[in-house]
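First chain A sits with chain B, and in the next complex the same chain sits with chain C.
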Partner chain A sequence: MHSRLQRLSSTMERIAGHVFIWPAVLIVLFLAIFPLIISLYLSLSRFQFVPGGFQFTFVGLANYNKLLFGSERNHFLGQMMGPSLAGALVFGAVLVFMAWRLVRYGQSGRFSAGGLFQRLVVDAIFGLLLWVVVRTLLSGGFPGTLVVTLVYVFVDIAVQYCLGLALALLVTQRLAGRRFFRVVFLLPMMITPVGVAYIFRMLTDTTKGPFYPIWSLLGLLNFSWVNIPWGARAAVMIGDIWQWTPFMFIVLLAALEGQSMELIEAALVDGANRWQTFWRITLPQVMPVTTTLILIRMIEAFKIVDLPNVLTSGGPGTATESMTLQAYIAWRTLDLGGSAAIAYLLLFLVTLIAVMYINVVRRRVAEA
Partner chain B sequence: MSTLFQRKSLFTPSVAERTLIYLALGGWSIVVLFPLYWLLITSLKLPIDVFNGPYYLPGIDFKPSLDAWQYVLVGDLANDTLRNYVSTVIVAPTSAGLALLLGMSAAYGLLRFQYRPRLGGILSFIGCLVLAIFAITLGVPWEIAVAAAVVLFIILLQTIGRRFQRSLANRDIAFWLISQRILPPVAVVIPIYVLFQRLGLLDTYLALIISYLATNLPIVVWLMRDYFQSIPLELEECASIDGASRYRIFWSIVLPLAVPGLVATFLFVLVFAWNEYLLALFLSGAKSQTMPLTVAAQNSTRGPEWWYMSVLILLMIIPVIAMAIVLERYIARGLLVGAIKG
Partner chain C sequence: MNPRLLAVVASLAILSMLVGQPVVHAGSPPPQQFQGVTVNLLTFTGPQIAEPLQRRAPDFEKLTGAKINVVIVPFSDLYTKILTDMATGTNSYQAFVFAPQWMVDYITPGYLEQLDDRIKADTAIQWDDIAPFFRNFSAVYNGHIYTVPLDGDFHMVYYRRDILEKDGVKPPETWDDYLAIAQKYQGKDLNGDGKPDYGSCISKKRGAQGWQFVWSFVTPFLQTQGTAQGAFFDTTTMTPLVDNDGWRKAMEIFKQTSQYGPPEEMNMDVGDTRSLFVTGRCALSLDWGDIGSLAIDPATSKVIDKVGSILTPGSKEVVDFKTKKLVPCDATTCPNAINGVNHAPYACFGGWSGGINAAADPKVKDAAYAFLSYMAQPAQSSVDVTLGKTGFNPYRTSMFKNIDPWLKGGFSEAAAKDYLGAIEASLNSPNMVLDLRIPQNQRYLQVVLDTLMSQYLAGEITLDAFQKQLYDGWEEITNELGRDTQLAAYRGSLGVATKRGNLINRTVFSAPSPFGRRGLGG
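Let's look at the complex of A and B:
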């Protein structure tokens, strides 16, 4: 009996690695792979009602073609203008930078044909993306859902991270009442996203919302700031920042509270001031969590849908429409193929950015 | 034990600094609390008070009324509210707890073990899966298709799978996990709906629990991996020399030290499952609807009914706030202080 128990425990010890990881992998696999394949198929087909039901007709890349070159191009990529001087300069500078990176890679001694090919593909895709941004945003054109989504993601994450880190640092100070602030700062995250969107719709109403006196003082009553594209986009971004700063806050707070004190003590003994300990010790210690945090938030932020949908319905025009909202609207109008094609383009774009991000930032910071 | 939990603060801010810090904290508190205050007073308003323009102070510029609360809690909506509330209370904590349990194990595994999944095996798995799905869409009964795919997979694994020696590393597994969150829910809901329909699990708590578990796992894995990484390896080595098993090291040494991270992660996944809307809309019918659906349903043909919506949102956040107040104290410094010295 005893020896059998021992054998069992040594077997368990040997397979420990598998016991730790397999349950999670299997569950994710179970729910992830099926939608992935079905959506791919949907994106290559057209959904139609036929007598007695519905059917999917295989149409090849037509859905993608429509978004990138066809009738939906102005909606998805935006209305292109000839590049302005500033736009051309920015674009030229980035091209020079890419070329310089390639040259440096060629000289680095790690050169291989596969590596070069990978870099060229990545550079080409980012160059195209930048070209779209330059010709819509920087040249007086009208940005499509792709560019609007990129704006949301970058602005939101930058502001959320800085705010979250600042707040987390402040509430780790020894202050009376800090527990109160810690709980209060978490509140926005706890409201259901649909609810947050409706709250902001109440707040941004210029005649019945709480800021009515301010609007009337500025003479903006008939102006409805949500009708100006950038005003509407700002409203969406403020809502998103309000809602998701707490996520940054709580994760960074846990990281700050978990950092090892020995290093800080040692630095203080050596005469470092507060500024130096923050930059040299605290920040590097929260860097691994920071990179994960930004990756997770980036993936989630690309899927922003509730706020623009409820707050502005994507309007004025399509000024606040994100890619996911475009997919959602296409899906509601039963254009299942078009919806899946947008989703797949989003998947492609975010995967690319995430891979780049991990290669460039995370490996350098977290696994150094 | 008392030294383990001792709190240290190395800087004590001066009076001027204190004032500035309080100003900053107070300012952000106002930003956070004002929308919630507006929610609260909206819940006390009658429709006419909402439509006549902004009123700020209950009892002074408008007469507070409990009509909306009454409608939601004891009136026409009471049955719906109660039923959906119970669903939410069952589904969200269960799935968040499971996600934390499985996710933290996987995170620890990814950090301390080397996994080498063979590329050949993965490719043959995907190939078989595609074939099986294709067969099912062609009308082959799913039991037969799955059985055939499994057999084919085993054959492939024993033959072709052995030839390809290229394998993936831990970071590839981690990236695969997080990449499962990229596809927007709009693209995911229909296939998942069909999947659960085939399994006969539509409109059950189990369907919601499983789908929230799967959506939350990648986040738990990634966050916990970083928190575990900050725990010194020496402690685990000591325990290992003393003869503790892998499981014991994980459970009694690593986890207690990672409590701040565990709590932060749990709160986040709990909140996600508590508030999720689109999957719930598809997977639940009359029996297992959750609260976010009730909130969204208040946007009727007459426009959003702000007063009911406000009541429901407030009802929804109360338990989560209570949870946050209880758990907040565990996100605190000092667990690691002195642990290595001894």
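Let's look at the complex of A and C:
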């Protein structure tokens, strides 16, 4: 009897792990992995309605081919022109830098064939992306949704981080009303992105918006933000910056308030001025938080869709259209294969840039 | 009829008149027949189109007991929402009010209910009173009726009659005239508020109605020989009629109108341009019939009795498809020209129409049909078309013959005749351009054309690139869906016999005049 109980107990102990882990694994499989596989199949197929229902026809890489080399190329990659002198110089400088990094890596003690291969792949893809940017943005062409998305991500995050850090530093000072401003600075984040888009749609309307008297005074009544590609992109970026700076602010504020005061006091005793204290003590201390914060915002920023959709409908032309908006428009018109292909290219891009970013900052954070 | 039943019907009719409720007509469902039945009806956010449905749903519930839930989604999502609801078997909606050119995609998989028998049995709807174009084209596919027309749609040009008459300027006959007039009034104060106004207001927003207005500019250059000629594709090869000088000239004019319009024009939908026009800020506008009824609304309009409406302008030059160049209009090249000008009024959209989900419960389908019929019956529809807020435009013969509802609605007699005359001229035109109604027409127009139009207007692409990419984009879709299938559907939609000699769409069309010579006006 005792031995049977022991056997039962050991059996239960052996399967307990499976019993606990498998429901979670199945849920993850069901909610994350299966949709990923299904959308991969969708990106390789064409959706059609037929009598009695619908069908998916396998078309191989046709949807990707359409985006990268076919009828959607101008829309996705942009209209490419021969590289300008400035563009060629920028591209050349970056190539030289990448080559120098590879040489340095070869001379370092960490060299391995796998590491070299990984770097070559990443550099090649980064080089291709830069080549597209150079031939569209810097050479008189127009950027497609890929480059527009990259512009949104890098400009927005840079400005959001700088503003968020400045505001966080401001409210950590002993200023009157700082508690009030802590709440006020958070408000934009609590508004739905569609609401933000409508607010900025009103603000940028020069003919009847709340800034009408100002535009009128400046003689800009016949000017429209949304008629000029960079004006429209600026409107979208200002809206995004306004909405997401509070996120940077709140996380950086927590990091600043959590930093070790002993180090700062020691630096002050040693005669460090405010700038030196910030640059040598404060910034390194918030760097680990910064790394995670920028990564989260970057992944999120790649998916920007609400603002350009409501504010400009992706226009003028396709000037403000992001990759997600392009995928959404394709999905809305039941081009499910095309939509899934864009989504997969976006996934690929986000993963690549996130991996590159982590590789770069991990070493610097470790060094710091 | 049974005397007791007659007495009940008569009492009900008198009672409903006394309390201001709509009368129950012969053919309408018996009172409370649909007690406990709920119909979810999907349409777009509006406020037009949804407004009359929402306003009349409680009246219908009092009459029949059926509860009508009007669910609204943005216009850009409506096509997909309807299709995915039925395709996935969700069937959360039992009725839809939508664009009739989409019906081909709903009918092919068998999602839409055929309405032939219901229409035949329904005397109250007065089917024969519906104008032939809407009755025989908009509502019909493959010889069967699938939708109930609730609206009539044509593009037309509106102008400030008071200002043009004062200056001795004739309304535009051609698009060149339109440009000249727009230029003349750009920057002038047109409503006396001391602010400069605009020569022309046309919605050019991407994802809205901009691409539809492109067609009204293009069609007079392309279609000359009557409706059956078609303006979208070659009816023998299904190649796009895009790579010619007609498209070039039309797109140049379309882009030039932006110089004489509001600065935000590229981000304006028709709601915005209508608002500008009725507040007196535009000398000209291109729109459906809506501005006519909005302009007489004393609550919002500053141009009551100051608006004229005309057939969409035409062209004195048309495309010779052999050379793809423009040639002057003469008796051969423009047999339907008026004063040497080829007009090709575009029956854009075809008018909002109601359809029923074939997978719905039979009782719910009955209630859904009864509601659509109720909305279309003259007692309701002849009032609704006179109200700007409904977005419904005239589509019944009686609406053109009897102007009393228009006078009651606030039109002056002159304004009513002018407005109805412009629509009637489009309806009677032997060279009317039918909307594209082939499988996935939405991709051809709302994806490819809309995106390229927006890129061209924004200066992102040249006119050459626009034409090439439009041609390639349409060809890509045609090749993907099957050239023969698309060609057969296109020919069928124009009333041209297919290769087998049968008509896909059993309409009354026969070139040159699809509607005979019968006028609709009184």
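Simple rule for what comes next: the second predicted complex is superposed on the first by the 330 of 368 C-alpha atoms of A that agree within 3 Å, B and C clash if a C-alpha of one lies under 4 Å from a C-alpha of the other, contacts with A are read in each partner's own complex, and residues count from 1 in each chain.
One rule holds in what follows: contacts are C-beta pairs under 8 Å (C-beta built on N, C-alpha and C of every residue); 3 or more make two chains touch, one makes a residue touch a chain.
Please read all numbers here as calculations on a predicted model, not as lab measurements.
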Partner chain(s) touched by A:T11 [first = chain B, second = chain C, both, neither]: neither
Touching partner for A:T318 - first (chain B), second (chain C), both, neither: second
Greater chain A contact set [chain C / chain B]: B
First, second, both or neither for A:Q118, with chain B first and chain C second: neither
Which of chain B and chain C A:L336 touches, first, second, both or neither: first
Contacts of A:L170 with chain B and chain C, given as first, second, both or neither: first
Which of chain B and chain C A:Q55 touches, first, second, both or neither: neither
Which superposed partner A:R46 touches (first chain B, second chain C, both, neither): second
First, second, both or neither for A:T207, with chain B first and chain C second: both
Shared chain A surface residues [contacts with chain B and with chain C]: 207, 331
Footprint of chain A on chain C - complex, ascending: 76-77, 79-80, 83, 87, 105, 108-110, 196, 205-208, 262-264, 266-267, 440, 442-443, 446-447, 451, 454-461, 465, 469, 472-473, 476, 480-481
Sites on chain A touched by chain C in the complex: 46, 48-54, 66, 70-71, 74-75, 79, 142, 205-207, 221-224, 226-227, 229, 312-319, 329-335
Interfacial residue positions of chain B with respect to chain A in the complex: 8-13, 18, 21-22, 24-25, 28-29, 31-36, 38-39, 42, 50-54, 56, 102-103, 105-106, 108-110, 113-115, 126, 129-130, 133, 171, 173, 175, 177-188, 190-192, 194-195, 210-211, 213-215, 217-219, 221-223, 225-227, 229-230, 232, 245-247, 250, 258, 260-261, 263-265, 267-268, 271, 274-275, 277, 291-292, 295-296, 299, 304, 306, 309, 312-313, 316-317, 320-321, 324-325, 328-329, 331-333, 335-337, 340
Chain B-facing residues of chain A, complex: 9, 12-13, 16-17, 19-21, 23-25, 27-28, 30-39, 42, 163, 166-167, 170-175, 179, 181-195, 198-203, 207-213, 242, 247, 250-251, 253-255, 257-262, 264-265, 268, 274, 285, 288-289, 292-293, 295-296, 299-300, 302-303, 305-306, 323-324, 327-328, 331, 336, 339-340, 343-344, 346-347, 350-351, 354-355, 358, 366-367
